[in-house]
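Right after this note come the structures.
Two complexes come next, and they have one chain in common, chain A, joined by chain B in the first and chain C in the second.
The block that comes next holds the complex of A and B.
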């Protein structure tokens, strides 16, 4: 009886953070709708989703690295390298698809180096990835000495990669859902998905139960690198030029999305990351509609992350007083 | 390396060039002092470049509005300390990893720096003579700033090697669990070092504001990677793989020498980024193998 009750309580608490989050999201959406009549239109929501897809896909890749218990501080750097590689080949007159693939390959190869360094040689992850990332970033200057590349961008059809639409739905939104559904199935409904969590949870136990720990760390870093590169390729295509600093903006929103997700579900998860990036993106979209200056976007990212940290921990401490939490939460959201 | 550069690029060994290197290295050295100890403790702090920017903007906005320089600097340092304190709270009270906490705080600091100037740098018409003297002044032939840095670092080295605080610091870095069980006040130490780091970063920002005669919301440069490279190179040079203040000072100077030398040789600046990254990987790898530094 006692145990059942305990289970029920913990079940309740798990749902509580989700409910709190959905509450916050609802309040934000309602507030934005009231402040701006244009906000809740199909066109704007599609645009918000398109904007979301860029850093949400980066965050998805990072989710895998965080799931295996590591940190990647290189994905924004290496995404610049991937973006410049693609731009270079576009500029040389290559067709979009091969250029995109070469770009992804360039990003993935840096991911391989990350994976080997952290997984096999066991160097401290943060520092090693910062170092490898900065080498990759330096290499992205090689193609054009740091200048913008915009030759052939308008004529080669690369713009379609980001601006094309299928039945009125922008391609990036399709990529977004495609990758997220794939990741959801892999991470939450397959054996290897459980292995990722096992490696992150208890590495020794994972090793004893026959999981190849290094392999999963290696794969996680590659997934992170590929998805970050993919995001920056989208960004490059939508901006219509290759910029060595283009991908640097991906770092903070991706980390914030993953950790908002962690504070909702108490562990890194695909759904959590999506909800986290959705919350951040929808707020950024709302503020853009209100003509807020660009630096407000950073503030939103930072404050959301800090608020998520605070909310998730307060909740664990005051497990009994349910009413109290939602109240403080509403105050914070307001 | 100094000899090598003076050999291939004669302009390098020019006295004024050397002075310029030492002076810029000093500002970097202020930025990385706090970081050194945080890394030694086994944590990380990504806030220092943005807090430096925030400090420079705070100083600039008050000076432009007619506040005395020293008071403006005092306010800038005081407000920057709040960010360090916030880092401490998030890590201590809410038990979140230092990386996540500092990423959150640094974005807020960055945005605040932009908000102060509404997205633009704030240009300063004149620098107070006192600050001018601190940044550019000389006593005899040696820049005052260098003397200040030497004093600061000697003091830091004393704290690190001769006081209990320094020993606690390395104890936390070596074995957190054991350190907690012998009753080392972990929370107090985390608070004090994150606050110290913010204070020093902000002081570095003030110096940068005086150098550029402007408050900048975003210092165009690789302060973050440079700072970490300095710490890890330094750890490699002295004390067998433990981050330490004297090492960081040497690291900061080495990086300046490298950057300056390459520029004089006409090498594109991205080569510098690549070399620094490689040096950092080398440093980390060497430390990891000599000390089993990694947490695997």
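The block that comes next holds the complex of A and C.
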């Protein structure tokens, strides 16, 4: 009897945080609708969806790194490198598809360095990735001395990469659902997904269970790098020029999305990240409509991130008092 | 009444849906060591938390030195002279001993800028040490100290409060080695002589005879009885029965005959600074016991057999064939599984559920060729494991962090069983596990040994002596004793483990 009740209560609590999130989302949407008549129009919602598609892919990649218990502070930097690499080759007259692939490869190679540095050599993730990311960003200046690259953008067809449609559905929306469904299956329904969570949950126990810890940390950093690069390639294509600072805007929304997800489901998850990105994108879209200055958006996203972290931490604290989680585990994780 | 330091009468405490304490009487004489026993969930920690002001009681009365008191806050308990030292000494590793002792009470003033007078602190620490002569260097950073010294510092901190007269020690020995327990015993003697009354919580029943004057057994939130240690003719089995409330059929399972089939053999296995020239031989149907103190090298030895450490020299043979073993994957190939000694760190993913943990070492079994997890099969297999091992949990999706120590250990064992290996190595299989779960785990290990080769390594000599068929004793990395159990004795094993057998040879 008592057990059932306990289970029911814990179920209720998980359920509750989803409800709270939906409530917050509803309030935000109602407020934006009241503040701006243009907000709730098909055209605008499609635009919001496209914005969501670009930004949420970065957050999806970051979800993998957070799942293995690490942080990546380089993905926005390296996405600039990927974007400028692609722009450079477009400018030299290369076809869109190979340019995109070379761009992704450039970003992925930085992810490989992240993965080796953090996974294999076990350097502190924050500092190592900031340093590696800065180097990558520095390298993105080499192609054009930091100038915009416009050449061939309008003629090469690269713009189709972001503006094309298949049966009226914008390509980015297809990328969004394609990658999210794939990631959902991998992270929540495969052996590898288990391994990612095991590594993030308790690295030592994962190793003792026969899981190749370094390998999964390595892969997570590469996924993060590739998806951040992909986002910035889309952004670059939609803006019609290569800009060395283009990808820097990816940092905060991605972190905020992942942590909103953690605050809902108590751990990083694909669905959580999606919901987080959705909230952030809607807010960004609304503020754009109101012609709010960009720093207001940064402020709002920053506040959302802080709120999300606080909520996810409080939840863990409550659990700690019930479940007696070992201190050493937390130290290990830190 | 005069002689009672503490008297708790009719203490009741309920939590939503459960009555943790149903009218417990407990009294503590002045200057006695009173052991508080009970399996997990019996109410020990609730009682102690009420005494130290962490919980407030629903009903009942507490008298300290004959005076009725109300304890609603930890600070009130402190001012009444009640101090608690928890299982894991809460000390700051980079601070030296006396800084830890006076942590938070360094200066008179309470401002951020109050200046700490180190000289004064040292003098106060010196005076404390004169009063309670523990052998500990208070000027060293705590991280350089042994576990027993950390424990001593935690105790000294509790005593630094001038008026401390009641000291609660919560499982102080669960992390101490034999030699250190001896030191602790001496320290407790010192405390007794100074008139301090001690409530002593432990899971190691045989300690009671060495340390305690009286003991009280709690069961299901009730006081089952208080006994004097020297008055009754009790043994650990009787105490265990009191704790469990039913006759223990037998704590340790019956031994079986062993076969001649050798499964695992090591030759001259060495790892510098940890163990040297270790030769082991494990047969099917037998449990090989490795007894050693903490630091004797048995931990590193077990991890070497599982590919976590790579020995510098020596050979490992499995079923007669020499194998190469440099990683956990190699051990997996060779059919070896280690149930590690520190389950929270090495054994379980606490934040995940039982299904996740059970199948973690054999994900191939529940996955399709593409690597997709068959959730229904996973649930079914996990439920079967839960039944097999008798894990008490509301469901297979319960988070492992929320299970009791014994059930957590069973989940880790379940993970090993699910991995279907040929050789199982158990390190400290019953550490932090209550008596009831303990005998269950011993039975499991014995059951397992009928089909597989089993090694049990432990710093608990009685455990090795009671459940194993063959004993190897490690002392400072050397095998000092290697005999079938029926040719040795508990005290012989203990002696070799403690001294390496030098005294014995004299």
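Following the convention adopted for this analysis, the second predicted complex is superposed on the first by the 308 of 334 C-alpha atoms of A that agree within 3 Å, B and C clash if a C-alpha of one lies under 4 Å from a C-alpha of the other, contacts with A are read in each partner's own complex, and residues count from 1 in each chain.
Keep in mind that, in the parts below, contacts are C-beta pairs under 8 Å (C-beta built on N, C-alpha and C of every residue); 3 or more make two chains touch, one makes a residue touch a chain.
Bear in mind the structure is a predicted one, so any value in this text is a computation, not a measurement.
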Applying the document's definition of touch, where does A:110 land relative to chain B and chain C: first, second, both, or neither? neither
With the two structures laid over each other on chain A, which partner does A:309 touch: chain B (first), chain C (second), both, or neither? first
Partner chain in contact with A:205 - chain B first, chain C second, else both or neither: second
Contact-wise, after the overlay, does A:293 reach chain B, chain C, both or neither (first, second, both, neither)? first
On the A-aligned overlay, A:250 touches which partner chain: chain B = first, chain C = second, or both, or neither? neither
Going by the contact rule set out at the top, does A:57 touch chain B (first), chain C (second), both, or neither? neither
First (chain B), second (chain C), both or neither: which does A:235 touch? neither
Does chain B (first) or chain C (second) touch A:146, or do both, or does neither? first
Applying the document's definition of touch, where does A:131 land relative to chain B and chain C: first, second, both, or neither? first
Could you pull out which chain B residues touch chain A in their complex? 44, 86, 90, 93-96, 99-101, 103-112, 114-115, 118-119, 217, 222, 225, 228-229, 232, 268-274, 276-278, 280-281, 284-285, 288, 293-296
For the chain A and chain C complex, residues of the former touching the latter: 1-7, 185, 189-195, 197-198, 201-202, 204-212, 267, 319, 322-329, 332
Residue ranges of chain A in contact with chain B within the complex: 71, 73, 117, 121-124, 126-128, 130-139, 141-142, 145-146, 203, 251-252, 255-256, 259, 293-296, 298-299, 301-303, 305-306, 309-310, 313
Touching chain A in the complex, chain C uses residues 17-18, 88, 306, 308, 328-329, 331-332, 338, 340, 344-352, 356, 359-361, 363-364, 367, 370-373, 375, 394-395, 398-399, 401-402, 415, 419
